[in-house]
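The chains carry the letters A, B and C, assigned in the order they are written, with residues numbered from 1 in each.
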Amino acid sequence: MKAVKFWSWLAYAVGAFYFLLPLAATFEFSLRARRGTYSFDAYQVVLADPQFRETFAFSFAAAIVTIIVGTFIVVPTAYWVRLRLPQARSVVEFITLLPLIIPAIVIVFGHIRMFNTSSYLPLTGSTMGTNVLLICGYAVLSLPYMYRAVDTGLRTIDVRTLTEAAQSLGGGWFTVLGRVIFPNVFVAILSGAFLTFAIVIGEYVFAALLNRPAFGPYMVWMGGNRAYEPAALAVMAFAITWGCMALIQMATRFSKYNKVVR
Amino acid sequence: MSDLGALKRRTTGGSIAEFGKGLSVWLGLLPFALFVSLFLILPTMNIIVGAFQNAEGAFTFDNLVGLNQANILNAFWVSIKISLLTAALGCLIGLMIAAALTKGGLPIWLRDATITFSGVASNFAGVPLAFAFIATFGRLGLVTVILRDVFNFSLASIGFNLISFTGLALTYLYFQVPLMILIVTPALDGMRREWREAADSLGASSGQYLRFVALPILWPTLLGTFALLFANAFGAVATAMALTGSSLSLMPIMLFAQIRGDVLQNPHLGYAIAFAMIAVTAIANLIYITLRARAERWQK
Amino acid sequence: MSYLQIHNLAKNFGATQVVKSFDLDIAKGEFVSFLGPSGCGKTTVLRMIAGFETPSSGSITIEGKDILPLRASQRNIGLVFQSYALFPNMTVAKNVGFGLKIAGQSPDRIEARVTEMLKLIGLGDKGDRYPFELSGGQQQRVALARALAVQPRVLLLDEPLSALDAKIRVSLRREIREIQRSLGITTIFVTHDQEEALSISDRVVVMNGGIAEQVGAPHEIYNRPKTKFVANFVGTLNSIPARVLDRSTSTFQIGSQNLSLAPAVVTSKIGNTVNLAIRPESMRLNARNGNDVVVSGTIEEVQFLGSVLRLRTRVMDSVVSLDTFNHPNVPPPSLGEVVAIHFSPRDVILLEG
């Protein structure tokens, strides 16, 4: 067992080194903006840049709208499938996995082709329309994660029994949905929401090809034009992703009353 | 006679009401169906169909034949190569780390921390990841500088350049390995201790246990995850763009350029490229799904 | 000359002493059960014999040779687990033949032996099936065949029936015993189910808190329990408080009656109250001979258990269970009926500890 333990620690140490090194290096690099000394100048430049604020605000807003749209599509669907249409479950699940199979670039290509100015629904013809298309594209990208999170949440709380109990106590559909189901899957929705947020904030392909002023294209532009600011951006992006994951963990931990007893 | 009447009612009159009721249940899926049709299924079908159409809208294989160009074929092979390489390395390294975590006697808090970190790292792809690696291994990167100043060793002298195939592969590993860890750790957990003990009591050595029991049980998961990692790398765009710009010839980059500005002088070629990409990732994912189902069947 | 000797075996996990001081000699071909509640150390002792745990002290020898220096894979000891532990990637035949393949036997020999074993467990036609296609009971039989195929010196079974349905448990334990008898293999059977242990073992080791409280044949353990734990754990036991009257004659007072338990030795002081324990089947509603003690009680509950009627009767402050055979023509007593309970002083088990 001793020999096994040695090799295990060695393997793990090498892996840990590879994964922590870029994080440390990026942070170090981002501090090198001022010649000769370490400073947060790069961060200050970035945060003061109006383009940063505009694009980040745009992506932030896009993320929020995507989460709302996603929730309104996914939650009723997941609930309906679990409760009334279990025979549709495998088909629906397969469809929600398609965005992981079909590369994002192909999906946006399809969008551009389908919704261009000479089609039935010329979404790309206007700014508002393109924004709508962007949101819908983001919603598609986040579909697998949202659906899996909500579906797991519904499975944990045994939707069918809860609904029947609520109905036998006199609750109508809205009461059931609003007072019984929703509060119990709220945490699951939150998990999906944080993951969606992390995806949308840094997303590049959709935003670039649809020419929207999002955070992703801004970062690429910075990468081509600046030396130290991109590193600062990378650190911030990583911090945001980590923050989202931490929030997911916290949310699931505070939902102990939902956990299935093993 | 009354039975016949009842039967008739049950199959006709009764069934219409049933049919209507049955239909209304499916209406509950309407928002979802509309959404995915409009923004997922139809656009993809659009691309696939477009790959087989020419400018007049007639059916043709010309676009697929047109893929047989030097630059497109080159991009295809480079994409395949980097996907194979990073999938293989990702599988190997991820397996070693996951094995160290689950069976290697390491503390449990380390395992939880690694799983959390893997969750983050597998999502830390795209532009920020490219920046991070430039800051580490680029010309002014930390590692390059330290090797040069402290060890008097220049990375460039051994031919290492971050903006290259090797550099991109190294960068891709950053999200491939964590993904492997996330998928393979539960599979390793599923390797019951009793199997090892049963094999022991029957006289098997560690090597024999690995060869006859552990690896055969694990190989569907391993191979399946390999396919998944392959598809993952094949479809990645943002990281490559941010790291190598358009200097490295990859399928998704070529498609990106084509969508942006029709660099190939033939819009339908773009659809063919997209179709080829769908075909490759679809096959890889199909392999993953089938093998995972097989692995789950055994573990009952 | 005993075949398997365990001497002064102890195991600590950190500060906890899971096995305190365990001694046992097992003869060749003997079927011994380790019986006890969860956490009593029975599985730990088994695992130390198998080689999966290292004892903190003590020795284990087979045929006089110390097996502790040997690794688990070198001990040639067969193991059957509660969870069957069949290799899911192999067919039944490949599972059974695994040990032989490791030992380097020729494919012909392996096939012959596998066929023989499958016939022994009654699954001769299931050789090509995979474990997930079999029921729990079938899987456990395959696990047994796999362990026996290599002709181990000792067979260890760790709660092999606990995961199975009640009916299968009963039929499979008989099968295991028959196979064991026909092969003459020394066997240790760990269980928490006393009915299992009593019905098929040559000897039973009752364990509690890391030590063996009593070792003996099933009827000995049941009829002459040495400690309070054994008496309570094995079978149902009634407990009637009684006052010590006289130590030289071992006389006690129950209610208005006196009874003498001579020649049992009484250690408690005169005037103290001790518990007299007696099995439900030792009490009856009719007199057997003139030496019976008679106490009066009120029927509180009648449990119809099929061939046995269990009468829950209130005797002064305690409720005792009285077992009597069902007679088709005699109706059971009614609730609230006052009955006379007869028992012989010789059937009373004195438990002071």
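Of note:
The working rule: a residue touches a chain if its C-beta (ideal position, glycine included) is under 8 Å from a C-beta of that chain, and two chains touch if they have at least 3 such contacts.
All figures in this text were calculated on a predicted structure; none of them were measured in a lab.
Comparing the chain pairs B-C and A-B, the larger number of C-beta pairs in contact belongs to A-B. Distance from each chain's C-alpha mean to the overall C-alpha mean is smallest for B.
Taking the mean of the C-alpha atoms as each chain's centre, chain B and chain C sit 55 Å apart. Computed centre separation for the pair chain A/chain B is 17 angstrom, with centres defined by C-alpha atoms.
Across the complex, chain B meets chain A through its residues 25-26, 28-29, 31-32, 35-36, 38-44, 46-47, 50, 93, 96-97, 99-101, 103-106, 110, 114, 116-117, 119-121, 123-124, 126-136, 140-143, 173-174, 177-178, 231, 234-235, 237-238, 241-242, 245, 252, 255-256, 259-260, 270-271, 274, 277-278, 281-282, 285. Contact residues of chain B toward chain C in the complex are 192, 194-195, 197-205, 208, 212-213, 216-217, 297-300. The part of chain A that touches chain B in the complex is made up of residues 1, 4-5, 7-9, 11-12, 15, 18-19, 21-26, 28-30, 72-74, 76-77, 80-81, 84-85, 88, 92, 95, 98-114, 136-137, 139-140, 143, 195, 198-199, 202-205, 208-209, 216, 219-220, 223-224, 227, 230-231, 233-234, 237-238, 241-242, 245, 249.
Across the complex, chain C meets chain B through its residues 50-52, 71-79, 81, 83, 85, 87-90, 98-99, 101-103, 130, 132, 143, 146-147, 150.
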